[in-house]
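Consider the two complexes below, in which chain A is the common component and chain B and chain C are the respective partners.
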Partner chain A sequence: MSTQDAYEEYYVPHNSKLPIFASLGIFLTLYGMGNMFNEMSAGVDSSFGEIVFLLGGLVMGTTLFFWFAQVIKENHEKLYSNQLNRSFVWGMSWFIFSEVMFFAAFFGALFYVRMFVVGWLGGEGERGPSDMLWPEYTPEWPLMNTPDPERFPGPQAIISPWGLPLVNTILLVTSSVTITIAHHGLNDGNRKKLINWLVATIALGVVFLFVQAYEYYHAYNDLGLTLGSGIFGTTFFMLTGFHGAHVTLGTFMLIIMLFRAIKGHFSKEDCFGFEAAAWYWHFVDVVWLGLFVFVYVLGS
Partner chain B sequence: MFLKFLVVVLFIANLVALGTALFALLNDEGRKEGKRTARFLTIRVSLAAALLMVIAFGFYTGDLGVGGVPWYDASRQ
Partner chain C sequence: MSAVIEEHHHDDHHHGPDKGIMRWVLTTNHKDIGTLYLWFSFLMFLTGGVMALGIRAELFQPGLQIVAPEVFNQLTTMHGLIMVFGAVMPAFVGLANWLVPMMIGAPDMALPRMNNYSFWILPFAFGLLLSTFFMDGGAPNYGWTFYAPLSTDYAPPSVTFFIFAVHMMGVSSIMGSINVIVTILNMRAPGMTLMQMPLFVWTWLITAYLLIAVMPVLAGVVTMMLMDIHFATSFFNAAGGGDPVLFQHVFWFFGHPEVYIMILPAFGIVSAIIPTFARKRLFGYDSMVYATASIAFLSFIVWAHHMFTVGIPIAGELYFMYATMLIAVPTGVKVFNWVATMWQGAMTFETPMLFAIAFVILFTIGGFSGLMLAITPVDFQYHDTYFVVAHFHYVLVPGSVFSIMAAVYYWLPKWTGNMYDETLGKTHFWLSFIGVNVTFFPQHFIGLAGMPRRIPDYALQFADWNMVSSCGAFLFGFSQLLFMFIVIKCIRGGKKATDQVWEGAHGLEWTIPSPAPYHTFSTPPTDMKEAHG
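Moving on to the complex of A and B:
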């Protein structure tokens, strides 16, 4: 057998415009988001940032829809070899690694600020002399009184973990139970069970997002807890906001999995797409548990 | 204090179960009959439920700060 015969055929698609549209979508999303925050902090009454942000999201969503559709079509045409499937698995591995590092950075920032910086600013340890800049400042966590309260007024109050955050924790853990039942439905070859429990999971994810949006509204309008109200507000919104973005992404993934399940795309032997999306949902749930435990419950 | 320790231990157990499921997912590539990924994820969600119950117990007994969450409603004025 020649060396050439020993290798599987590795499908290489034709050139595609999709990555260009994806880049454009990412650019518009981030440019719009940056403008949105600038407008918010400057108190400008303009919706330019929001419109660009939504347009970017639309471009990105449409691009991904066509991209996924193409990959699924190629998979069904049996163009993919085992070697190419392993490339997808590696793609997923790197994506997960980047996600873990992303949240590790934000949790790391939270711990660093809480354990060290707040104390240093109050005169603790070898970096204590910075205390001379703000003699009135008292270190505490959560930081209700910032070192410079005139420029960065702290929040009046902070959200209790035992109200909406607890409800959201119950919602998300329940959604992990429902996705697990759907997963077992797939393994048992029971498509009805898979579809019904996937629908339940998506519904729980959407309710979670609405509760989160209401919580933000309450924080901004009633508690004075904003992105600009000192380091607690900043870390709180960075962590919970990016988590919310990931729940949104996970919900879209599950909606696509639902459509695929309805079309009968999955079998016991070919279900990496579903398993990866289900695992991602569990990951998002664990991140939330970390947030609930470290930001809300053990925040003192 | 014991409850806080238990909460942290259960959270770490969640991470370990999730990591094990990831290992199974990437190795089996959604093909093997053994379905290890689903099994590890079931363990993961059971641990999450246990964590939630411990938190609920702490909420009920007040050991995790119910009603007396140090910063809740703390006024700046």
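Moving on to the complex of A and C:
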């Protein structure tokens, strides 16, 4: 019976208004976005999609703010047992796993194109249809000319890995170190160290995003490397773009953790919010290393 | 077990359910959310069913008589999408919500607010999906597998909303699965080891893992479609250096595990019901667990058996043929164990048992036709014929759907506190059993004779069996109204159920009162003797 005596109540809220607003929020956001895209592609001049999208974003953002605030408040009220905190730990781990699989789909597409499609387009393995459509076409990777250059004009040049991408690699790897130093500060009870190194991590993340934005600008305006420049541009921008979106989200998470650290939240025993953000940060870092190797270095 | 029932804690959240509609909108209770999932799933089952009857009505005779071909395409597509994502999957999630906490002695799901969120996304997602019927160009018409470029270059504009509806279903599924996994890993009563869990819990643990692994891949593939349609990317366009076959690879990397997502929980249900009514312990518990895990592993490495005719290299064809056939081994272990459990058992044939036995037999038929389809050279003949339709409907309807009905009959007395009407239940079973076989068995014949699937009209030689099939479909479809009547009748009253309900039932859920109180196991049970069924 000792286990039962030691059992702490598992907190189950009686009910909550948050999820239904979050459902409405995700619906409005995506419904608005769908309308936006359809209006854009059909050339319709209407702001209906944008309005619904912005409204949805507002509902979603507000709901998430109150949702996290509620969780933090309940945690400070000591409603959460160790067992419940373990649920958060497991939950975050599996969420990151789902993110890994999302990226795996895009990496898989890249590998498939490079391993098989390029050869087949060049007539390897007697693949009839593409051979009949474009008999003269000889592809090589990176795909600077596409089978149908009128519809998909190939890029003039691609981005060398040893310039800005290398800088970005150094930035992100460094940021993984700085966030670990911040974590040590938290564990040592040294709040100043926590805050300073968290600021450094956020700064590195922001600089990374600016470098990435500059690289995109350069690709679009100087190199003719775009989403529409064939499969190289497609995989390049989709992989690095989704990564950039995740860095943005990770930076946002770290900024919130910074505000919480300044407010005096977190202790060595009770800092899962910070740890979850740090895990997420390490995850986007690892994805970047994959991108650097497979998209930039081996891709060019 | 009195400690389980007594609600002597001071906590204010231990009172019963709220009154009125807001109870269902705001609830964080796993039983309420399970009920919501199950009713939603039934509503979608009827919606998708009406579409199926539209399809079968058109196919009753050769020629075009009821729906235009473009509407027919929309009906087949939406029927598939709604049945897979709206009926079967939410039904299993509903059962997981109701049963997993009660089976492992947990007070609720691990993340109750997220649980509510997972459910309430679904009505929005399916509302959006169904609204495409009223858009310009109509609903999705490219089949539930939405192959590019049919779903990109040649799709109606509603494809954008289809994509976002799929994204919402994916978000819901991933959050629901995280909840199930975390509940099972973190919330088991002290003393319950993994190898003591009921098989329904085991199969759901593995299903949830599959869902978290492949729903993001589905999100990836629809995102690629979205970009190809609106942002000039060339994932699935050979003119830009991409490949339409890439779509099929990514889709089926999701799609094949998805097939097992829709059957593994069914294995768990049948593994709970057969021992109860055979009055024996399940034969080969450990091998059942390992077989389930093996099937899950194999599901990741067999996807291209859906693509034998697209022109993959011969080495690929051979590999995917042999790998696919391997799945017959763990599946055979399972069927063997179910039969061995019944062997020399003191069997009775209440409605759940009838559905469970029908599951074992008819699912096995679906498995055998699957083996036939796995043989590459033979598949060149069968591909895209009604033989394929017969195959996957055998595993999904008398497979997954029968298991869900078996589960509802089996646990309904625990949920409502009342016994359902056994005579009506058996009537429902026999009507469904006959209806399902009359519908789908003849489709093997017309498929082997060469009738293509997804076609509103057909050559005259297929007429007789199509007529038989349509008759069966209407019998099966309308029988489900009887099912609804039985469930509602049982909720409203009936013979009171005992706590154990079934004489041979084992497991923690049978140690609590019937109907199950709003909150169970607020403190975990300590007696693990009853834990595994």
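The criterion applied here is as follows: the second predicted complex is superposed on the first by the 242 of 300 C-alpha atoms of A that agree within 3 Å, B and C clash if a C-alpha of one lies under 4 Å from a C-alpha of the other, contacts with A are read in each partner's own complex, and residues count from 1 in each chain.
Everything that follows uses one rule, which is that a residue touches a chain if its C-beta (ideal position, glycine included) is under 8 Å from a C-beta of that chain, and two chains touch if they have at least 3 such contacts.
Predicted model, so just to flag it, every value in this text is computed and none were measured.
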Is A:W279 contacted by the first partner chain B, the second partner chain C, both or neither?
-> first
On chain A, which partner's contacts cover more residues, chain B's or chain C's?
-> C
Can A:W162 be said to touch chain B (first), chain C (second), both, or neither?
-> first
Touched partner set for A:F152, first chain B, second chain C, both or neither = second
Identify the partner contact of A:S46: answer first if only chain B is touched, second if only chain C is, both if each is, neither if none is.
-> neither
Kindly classify A:T62 by the partners it touches after superposition: chain B alone (first), chain C alone (second), both, or neither?
-> neither
Between chain B (first) and chain C (second), which does A:I170 come into contact with in this model arrangement: first, second, both, or neither?
-> first
For A:V117, decide between first (touching chain B), second (touching chain C), both and neither.
-> second
Examine A:T138 and indicate which partner it touches, taking first as chain B and second as chain C; both and neither are also allowed.
-> neither
Which partner does A:C271 reach: the first (chain B), the second (chain C), both, or neither?
-> first
Where on chain A do the contacts from chain B and from chain C line up?
-> 86
Contact footprint of chain A on chain B as seen in their complex | 4, 7-8, 11, 14-15, 18, 21-22, 25-26, 29-31, 33, 35, 37-38, 41-42, 44-45, 48-49, 51-52, 55, 58-59, 64-66, 69-76
Would you pull the chain A residues touching chain C in the complex into a rising list?
-> 1, 3-4, 7, 9-10, 12-20, 22-24, 26-27, 30-31, 33-34, 37-38, 40-42, 67, 83-84, 86-87, 90-91, 94-95, 97-99, 101-102, 104-106, 108-109, 112-113, 116-118, 120-121, 125, 127, 129-130, 133, 139, 143, 146-148, 151-152, 226-228, 230-234, 237-238
Using the touch definition up top, name the residues of chain C that touch chain A in the complex.
-> 3, 9, 11-13, 15, 18, 22-23, 25-29, 106-108, 110-114, 116-117, 120-121, 124-125, 128, 157, 160-161, 163-164, 167-168, 171, 174, 177-179, 181-182, 185-187, 190-191, 212-217, 219-221, 223-224, 226-227, 229-235, 237-243, 246, 249-250, 253, 311, 313, 519, 522-524, 526
Per the touch rule above, chain A residues touching chain B in the complex are 85-86, 89, 92-93, 96, 141-142, 144-145, 149, 153-158, 160-162, 166, 169-170, 173, 176-177, 180, 183-184, 187, 268-276, 278-279, 282-283, 285-286, 289-290, 292-293, 297-300
